[in-house]
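Notes follow once the structure below has been shown.
For clarity, chains are labelled A, B, C and D in written order, and residue numbers in each chain start from 1.
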Amino acid sequence: MVDVGILGATGYAGEELIKILLRHPQVRITYLSAKIDKPTPISKIFGYLKGRLELICELPDYKKITSRCQLLFMALPHTVSMEIVPQILDSDLRIIDLSADFRLKNIKTYEKFYKVKHKSPQIIKSAIYGLAELYREKIKQAKLIANPGCYPTAAILGILPALVTEMVEPDFIIIDAKSGFTGAGRNPKPDFIFSEVNENLKAYKINTHQHIPEIEQELSKFCKKNLKINFVPHLIPLNRGILETIYLKKKKDFNLPEIISIYKRFYKKEPFIRVYEENSFPEIKNVVGTNFCDLGFYTETKSEFLIIVVAIDNLLKGASGQAVQNMNIMCGFKETEALL
Amino acid sequence: MVDVGILGATGYAGEELIKILLRHPQVRITYLSAKIDKPTPISKIFGYLKGRLELICELPDYKKITSRCQLLFMALPHTVSMEIVPQILDSDLRIIDLSADFRLKNIKTYEKFYKVKHKSPQIIKSAIYGLAELYREKIKQAKLIANPGCYPTAAILGILPALVTEMVEPDFIIIDAKSGFTGAGRNPKPDFIFSEVNENLKAYKINTHQHIPEIEQELSKFCKKNLKINFVPHLIPLNRGILETIYLKKKKDFNLPEIISIYKRFYKKEPFIRVYEENSFPEIKNVVGTNFCDLGFYTETKSEFLIIVVAIDNLLKGASGQAVQNMNIMCGFKETEALL
Amino acid sequence: MVDVGILGATGYAGEELIKILLRHPQVRITYLSAKIDKPTPISKIFGYLKGRLELICELPDYKKITSRCQLLFMALPHTVSMEIVPQILDSDLRIIDLSADFRLKNIKTYEKFYKVKHKSPQIIKSAIYGLAELYREKIKQAKLIANPGCYPTAAILGILPALVTEMVEPDFIIIDAKSGFTGAGRNPKPDFIFSEVNENLKAYKINTHQHIPEIEQELSKFCKKNLKINFVPHLIPLNRGILETIYLKKKKDFNLPEIISIYKRFYKKEPFIRVYEENSFPEIKNVVGTNFCDLGFYTETKSEFLIIVVAIDNLLKGASGQAVQNMNIMCGFKETEALL
Amino acid sequence: MVDVGILGATGYAGEELIKILLRHPQVRITYLSAKIDKPTPISKIFGYLKGRLELICELPDYKKITSRCQLLFMALPHTVSMEIVPQILDSDLRIIDLSADFRLKNIKTYEKFYKVKHKSPQIIKSAIYGLAELYREKIKQAKLIANPGCYPTAAILGILPALVTEMVEPDFIIIDAKSGFTGAGRNPKPDFIFSEVNENLKAYKINTHQHIPEIEQELSKFCKKNLKINFVPHLIPLNRGILETIYLKKKKDFNLPEIISIYKRFYKKEPFIRVYEENSFPEIKNVVGTNFCDLGFYTETKSEFLIIVVAIDNLLKGASGQAVQNMNIMCGFKETEALL
């Protein structure tokens, strides 16, 4: 039995972590904290937890964290994690950080996109990017995991196999991303209230979204070239799920069965990747509530273009599900435990 | 041509007033104000107004208001109106106040339900309650209109005919109300963000909502008795519309055609009331975008109960549409102008 | 390990049964059928089952059902169950029927509300009404369970404690019910398409809904009186969940803590009933995805009325969750297995 | 006063035509038909029309059409129009056909994409493609208008200026389109019911949608080259609106102000085109309920790509609003009459 804590327990990702971990037979939640006025039972904050989890949620107390937990999930806003990690890194704790603070290896890029000075640059190098499909072996031993962002998870899993097999041009990547609204967090901005979002649709942060350098970093690493992508995210009036429609330029001619078989081979041992057959495409409702990443494909022999559709649940494979997948790998549990 | 101004132009009611008044052939919008950081063209705030209304929206300036406008709509939060009205009441301005500040004749009741001290108690008496179906003659001459609340408009129009004809008991009134989310205003509270409201449903302020005394005041006046009602409002994940299901106890026996014909007679000259035939019931989509109030009925001869379903658009008949209806009456325009 | 089958596997209730049973450690799904053109892998019908359940779904084959299954869930439309049950009742199968066909003890009432002749009247008497909170002992030994309807589950659990303790009048029961749209089934009617339902709200089948006699039968049984209720259901534009706002007339005076403590005592051993404290009320999002039934209360000492708010997930406690709860009781499993 | 009829009055486009035409001071609706069981007052079909339009809706009667109407809107499903037009073309009627039957000049392309044999090929040549921004002069004299499709209206208006000024490559056009659900029509398919569409998102008909040849035909005409486009439509859980995110490859280098000024010049006299300034982008809520087409742009000097965001209301500029705009041009009315 591993004792785990959650910082940021009242956000969407933290809430989702609680739900998953309550189903996990080898784990016990022993500490919860959040930015909160006064210590409050978590079952008062989330009514449905009444009778299932009786823990107090409070402001973070480093002593309690290190004494009560063996593994810590940090589901905090960007720029908060980097202040806390140095305080607790010397303990025996293993840490899975869901923020962006330790994902980007290039500090200047981080500071440009997140518009703050990085406060713990010395720690970045040791953090492992927690995309199990790429870095499973490193994750096993990791002390600090930088859990991937939601858009990057879908984008990297969708593009990488075609890129490393040199089926597509690295200089021509267009990602048209659509996200459900929990992706924006529990943030009471005027633009986020129900009647502004409902029955509306818009693009935002065109080619300037902070997830762009994360996608570029990982794809570049595998094709040995500094890629630039086009990335246009859209907010959709639904709660959960990301659908990315990706447009790539073929480097050589191939047909649909060929590309599908490349992806099947690439992911053949992956428990959470599902490659669709011809003429069927991922939908958000097929992945919501699951840790799956679904992939579908379109091309024609005469066409220069390859179109890939990727779907994940932004709160599961795009955040908390993936974080638990990483915990399972780190602790030697079955990788799919509590996730199927 | 009448020159009109709008205070609170950036809220939902203010926005709706702009839309209606732009269609009105006898009216010109000459002044707009709102709680705003710096003066801003209204077409920047509401993109779709580009090329249709080029006015600056600014903090309220009483001199400009009284010099530029003949009639003023005040679409301000409760408790703000009562500070402003005394400053401008001495001018020639006619005022339609969409807030609750001058609706309740009993100051103590106001102070109990709105939880503030009333700052202009001397003005209350002169304000006319702007429900045209009851007070049309008084509205014609009014200097200051207290425009009715959204829930009260539907409730009073739904209950009054049965009550004044003594078909139902005054001591037994249950109103189960459901409102779309614009009813909560442009208010960035954590509970109001999209992913909290979407796919959820709840009752709130059970028997304590601030619209209760307004309904009780108007119904009591017409049946010469201090009524108490049961009122349970619910927030529904849609943008516009109110549906109220009203449960009344019959005072004598009557059948469905009898009660329908009583309502038809009561409202026979009303341009905005539609009484439904047997076996058909109002739906929100039949009134959204209109100034109509739709009424449907259910009873059986053997039953003690009368059930009434009422539907309005909370932003039109429940706010801005009704305000323009009042303006039309005050200015001697056709009552339905810009509202059909 | 118990082998179970599901008839009607492609409807919402059937789909939900699959999801729950896949998480159940003591159960194996061995047979699936549905009204379907040709035998089809269930993982083709529900994409997200790929790799998790590889069974063919076909038209019902009675021989296969009785040879492959020890327990059968029937998630079929009303009037279909009563044709099938006689064909398989002689086997060793235990049956949980989610339709209404064996819920009503009075055949005439059934035939009036469901508008068909009952084809297996002789079987009705032996069926046990599967509301565990009332009939747990009988369920343990049952051969055939009539699983309760969604609206009745919430209504009966909400009203019964106040009624049997004679706190409220039996002649005065008003239920204003609101249901998410899966309650209407996978039924391609013109009124059910997205753009007709979205942004709309309506009452339907006022005092004529087929769930009325079911509520009346169960409540009457416990207060030894033939009750008549008022029941107005509304369809809400969201996927899952029922919220019922219930208006009752107090038979004697009591205050809020008194009634809350009566309910707490009544349900004190129930694993799926949660009684709320003063000033807090059930919301759909607190029960969606769970088998809980949440109850909240409002009354004042001076008031004649008691208001109760009940929330359940219509597909879980209102259908498939409750069915699995019944299976757990019948098979001697832990009652909450796969349901927490 | 012009007398107009509507065929297909009960579909979304027909309903919208009624709403607009009722506001039009120079037009009288004199005939309504639809695929309907028996003649029915339109105010029974659309409750909100009660007291505003008292016409019977019936199966189409060619004699009545030609005797009662001077201008006819045909809002019928594809493949129905081509059977009716020959029956009435010899009369004095002017016809605005909202279907696709007369949009494509190449009959083989029509037959491939709509999967039927064309029944009136001889009429195609005389039909004028009703995109006022391109063909205003021809529309003035037209006998038969082929009103553009919703996706093509947004795509052509979005792409054409950049293409004819040779700022972008004709061989590289990617359109990622998102449409509200009224775009799918009033069609009771199992996939279209509320609970299947709500909280879901999917791509469909990738590079095979029937609107592709319409876009290719019009763009090709203006750049004298047979274009091929990539077009991926997505269905979004909201009622109205289309947002298209268009990815183009620059033929020469230019910056953002340059491309914006090209579009401003191109559309400078157009009453329904709004070109956005830098850093602001169209949203569906800015166009819903209007006949506007909004355009926003993104590019950088160093980048090879130009990204254009286009928004329209699919039922207005994408169907009925544009049809009325065409009528206004044909009849010599003010082009914006009833549309602002």
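Heads up, the rule we're going with is that a contact is a pair of C-beta atoms (placed from the backbone, for glycine too) under 8 Å apart; a residue touches a chain by one contact, two chains touch by 3 or more.
Remember, predicted model here, so these are calculated numbers, not experimental data.
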Taking each chain's C-alpha mean as its centre, the one farthest from subunit C: D
Winner on C-beta contact pairs when A-D is weighed against B-D: A-D
Rounded Å distance, subunit B centre to subunit D centre (Cα mean): 37
Whole-Å separation of chain centres (CA-atom averages), subunit A against subunit D: 39
Subunit B residues counted as touching two or more neighbouring chains: 196, 198-199, 237-239, 282-283, 285
Complex interface listing, subunit D residues touching subunit B: 46-48, 50-52, 199, 274, 276, 280, 282-283, 285-287, 290, 292, 294, 340
In the complex, subunit A residues that touch subunit D: 174, 176, 178, 196, 198-204, 206-207, 228, 230, 232, 234, 236-241, 243, 245, 247, 281-285, 288, 298, 300, 303, 305, 307, 309
Residues of subunit C defined as touching subunit D within the complex: 12, 180-182, 184, 186-190, 192-199, 237-239
